[in-house]
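Heads up, the thing below is written out as structure tokens.
First chain written, first letter: the chains are A, B, C and D, and each begins at residue 1.
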Amino acid sequence: MNEMQFLTWVRGPGLDIAVSIFLLGVIWRLLEIYSLGRKKDLAAPRQAAGASGFHTVFRRSMPPAGMGMVKKSPVSYIGGYIFHIGLFFVVFLFAPHIKLINSLIGVSWPGLPSQFIDLMAVVTMAAMVVVLADRINRPVKRYLSNFEDYFTWGVTFLPVLTGWMAVQHLLLPYTTMLALHILSVEILLVVLPFTKLFHAFTLWGSRWYNGQVNGHKGVAV
Amino acid sequence: MSATLEKGVRVLKEVIDAPIASYFNSCVHCGICAEACLFYTETGDPKYTPIHKLEPLRRVYEQEYTLLGRLAKMVGLSKPVTDAELAEWQELVYNSCTLCGRCSVVCPVGNDIVYMVLKLREGMSASGNAPEGIKGAVNRTVTIGSPMGVKLPAVKAQMKHVEEDYGIPIPLDVEGAEYMVMLSSMEIINFPEYLGAIAKIMRQAGKTWTLCSTAFEATNAGYQIGNSDLARVIVSRIVEGAEKLKVKTVISPECGHAYSALRWNGANVVGRPFTFQVKHIVEVLDEFRAQGLLKTEGFETDRLTFHDPCQLARRGGVIQPQRNLMNMVAKNFVEMPDAGFINWCCGGGGGASAIEEGEELRLEAFKKKKSQLDAVKPDRLVTACANCRIVLEEGLEHYQMDIPVVGLTEMIAEHIPEKGA
Amino acid sequence: MALSDIGIVVQGPAEPRGDTLTGNAQPVLREIRDLLQRLIDSGETGAIDLRAMPLSDADLLWLAGQLGEGEVQVSLNTDGRSTITETQAPAVWWVTHRNAKDKVVSEFIEITWVPDLVAAQREDARLGLAYLDSLILDLSQS
Amino acid sequence: MEEKQGLLAHSLIRHGVSRRTFLKYCATLASMMALPPSAGRAMAEAMAAARRPSVIWLPFQECTGCTESITRSHSPSIEGLIFDSISLDYQETLMAAAGHQAEEALHKAIEDNKGKFLLIIDGSVATGLDGAYSCIAGRSNLDLLKEVAPHAAAIVAVGSCAAFGGIPKANPNPTGAVAVSDIVKDKPIINVPGCPPIPVVMTGVLAHYLTFSTVPELDKLGRPKAFYGETIHDRCYRRPFYDQGKFAKTFDDEGARKGWCLFELGCKGPVTYNACASTKWNDSTSWPVESGHGCIGCSEPDFWDAGGFYKALSMPADPLKLASTAAMVGAAAGVAMSIANRAKKGAAKSAHETTTLADLEK
């Protein structure tokens, strides 16, 4: 198996398998979770402005007002925003990625200059390292963390690192690094539906439930 | 019939629903809920991280309702929950959680953690892993009628005292009255002025009201212990009483959990929407104020601040009414830092105040309320929950802080002019 | 059918080595100066391969402009034209080789008293000798 | 035979090539091979003095494309002379002798220059049916290689077939074709891949061997770094368009006319190491990309099986064809679990024993 065969496998059958497991996993788990249903709330509702599940889905993206939460755990908030936004930019606004998505589902949109994306990639990786350090040093996070937390960190970090190194022609020839990059993305896709990374899909439901249950009582959370 | 682990797990299987599944799949172990929980912030002990208090519920959910979880359990990767674990978790689920709901407000992925604590308490109570204190309260409420063992004669005696002091007849079992007033046992024993206040307010507002001999007790230890069956027994009395007397509105007294248990949880436990309205006394007073039925004179001039009971404000949605009422009678009303929706708990809600072994932890947690009060240095502290008053008084005494605690309704009533004015 | 009949006409863009100055030519001047210093001091000759450096055409033009032309210009006819011109700095020669199709194949700056290619070579001299012998022979027979 | 062993210099003079022309050629060749200018001078001395090395050319399972490319001499260029300078003792296609005489010439050449001759091979080695797929005079290439290779000083595998197995090795590889390096493990092998390789690359390798009589610096796949060190993409003159994201979508759209990057039309430049972009073809007239067609990566192993020539590198094969089945299976698993969950929850509800006060005690 030489570089070219590795790249061809990874680009071909490897991606087929990964995307299939990803789709299979997402649909299966979403059904498994949300099919459990919930009882209807029989208490007489109280109406209040901005108190609904829909509001909470977006409002909860911001830290709750006036509670000084960002001061209490700045790395989680600031580091979290940076690397999530960074990931979004790197994945969805980088020209080759847009081309790839376009070839998959036919939708396309303008990207950002590659130098800017390179910078975003570095910023994203830096933020992720800081957040990891915080998970290790901060007593609460260390206490809560299990293997899955560190594993999912690695699985999310590798694609950005290998992708950036491929673009920068670092360490390995482009062929191999591109193949490693695609392989690391495939691992991420396969693992996502079965780990906490699935929060990407379930957090919207969770926020909606939270907002709806409290909105019923006229409380805008 | 005795509580067993098997019954406990079965109850958990019954109550686990889509929100809980969604929450457990969304938690990314970021630890931000701990920063909002006073049991962590004041002790610094990571075991008080709210989401960690739900580990047994998570394991039951994963082992029962996810394919990978069931496989993991079969091959022994994931150990079933043991009774010893539930016993160990009792301290976390009861002593160190007052159901104040702050964690649910800050969770970035939107997990309603307090919703899950209530569900976990269903399993804890069914498996016999609830604190003695709350079990005692439930026992007394179900058998005698009130968590502090108050019976109807005691209520009648207090009614007579109030009639003599205030010269206003206290109606009992008056069919067709507009309001049915309830008391919490704290008020019957420690704060009899509440009943007098109600009498004065109702008279001024010209509203018909009544007490109910079969449903004078508002608090619901069944809701606090987290057991729907027992909560149903307690809340059914109120529903039957209200429907027998055909009242329009039931007034939940100055108590936090009584309000949540009846207003928000009652219909779900009884299984059908109520035919009457339920309002907290603060809501009723604000309505009278708005309708001009509540007229006060004179002002308190000393420096007052207000402690928002969690179940009333953050968990109940009643925030502005109490401020309107304070402004009616207080010239020098200052807000505590983090007041209102984001207020910190007094540390004794959710049945926690009934747990003796939780006292030391509660006083440790009270430092948060102390820091709020130190910031404003009030002459007096006003609140609208009898249980909060007791817990606040204990805390203030422990930290040698001379700040009297006053009930809002009582204070309002003092400013109602005598009859004929 | 002629080439022009084919539908596709590739108007390839200008050789992107392009006309912008890359700023790499300036240091070459310094290197030439050092090599000349070495030649004067120790007599050791030197050469710079202009093709081995990332220089754009504009750079080369700029460099040629700076170096200017000296007194000697040599052009060779050796399997394609080659030119050796002395720059304003004596002993600094600009050597350009072109192939049979007159396309530049290599370009050097030689720092030496006389570039090798200018001087006649011993083997070529023998060819010359043979040529002259045959010339004399023809003349004597006629 | 003596005359053929003469100095390269004498043969140059005999062909009317002046010493100056030869010096100029060596300077240009050194520059092309990214060697320092001084190396050009050394190359001139060494090559002139070099005794004409014996070279044996063994054509195995090949299409003669490499031989065509090597001997292509558009103008009587110096490349051609270089080949005149070597004593090509055995080249089946070019040599006049045939039959037994050719065989004798081969064995005599091996005997005379045992351990000193340069072995050039083009074409892959067929191993199927013990090599029966490709024979010379009744003997399989495999046996011939095993007999000749041990006596060679160095081996030059010319063309992708000899270097990596090339097109004969492409799926399904009926003849069991393998690269020379798969058979010969103990000799220095210089792979000069390409289909065919560029003439100047071959002369460069030979000139290097004649001058320094050593193997030039090779990369992981045994290819001279002087020519295979950079990817086509890195040296391509259309690279600026790639960086600006300007891509030709079809072979005759406006982008193609403007000479934009052919990445989306399957160009394998980014993953192909060769010198086409700098030395170009047909005496640097043009090369595939300049003529409007993407590079097909012919100097890379198994380029024929590396996905379609017209499918862009970044384009995955076709992951979505499995997507619908995967979605179905996912939905099935999901629905199965939801039914199981609801059943379990129902059972728990029906088996519910109302908790009484007594039930609070263990």
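We take it that a contact is a pair of C-beta atoms (placed from the backbone, for glycine too) under 8 Å apart; a residue touches a chain by one contact, two chains touch by 3 or more.
Just so it is clear, the structure is predicted and the values come from calculations on it, not from any experiment.
**Q** Which chain lies at the heart of the structure, taking centres as C-alpha averages?
**A** Measuring from the global C-alpha mean, the nearest chain centre belongs to A.
**Q** Using mean C-alpha positions as chain centres, tell me how far chain B is from chain C in Å, no decimals.
**A** Centres of chain B and chain C (C-alpha means) sit 96 Å apart.
**Q** List the centre-to-centre spacing of chain A and chain D in whole Å, with centres computed as mean CA coordinates.
**A** The separation of the two C-alpha centroids amounts to 41 Å.
**Q** Provide the C-alpha centroid distance between chain A and chain C, rounded to the nearest whole angstrom.
**A** The answer is 60 Å.
**Q** Where in chain A do residues touch two or more of the other chains?
**A** Each of 28-29, 32, 35-37 in chain A touches at least two other chains.
**Q** Two or more other chains in contact with one residue: find those residues in chain D.
**A** Only 333, 337, 341, 345 qualify.
**Q** Give the residues of chain B that touch two or more other chains, as numbers and ranges in rising order.
**A** 16, 65-67 - these are the residues of chain B that touch more than one other chain.
**Q** Okay, what are all the chain pairs that touch?
**A** Those chain pairs which touch are A-B, A-D, B-D, C-D.
**Q** Quick check on the complex: what are the chain D residues that touch chain B?
**A** That would be residues 333, 337, 341, 344-345, 348-349, 351-362 of chain D.
**Q** Which of the residues in chain A come into contact with chain D in the complex?
**A** Per the stated touch rule, the residues are 2-5, 7-8, 11-13, 15-21, 23-32, 35-37, 95-96, 99-100, 103-105, 111, 114, 174-175, 178.
**Q** For the complex, which residues does chain D have touching chain C?
**A** Contacts found on chain D: 9, 13, 17-21, 23-25, 27-28, 30-32, 34, 36-38, 41, 75, 77-78, 237-241, 251-252, 256-259, 283-284, 290-292.
**Q** Going by the contact rule set out above, which residues of chain B touch chain D in the complex?
**A** Those in contact with chain D are residues 1-4, 7, 10-11, 13-14, 16, 64-67, 83, 125-130, 135, 138-139, 142-143, 225, 227, 229-230.
**Q** If you look only at chain D, which of its residues touch chain A in the complex?
**A** Touch residues, chain D against chain A: 221, 231, 233, 243, 245, 264, 270-271, 297, 300-303, 305-307, 312-323, 325-327, 329-331, 333-335, 337-338, 341-342, 345.
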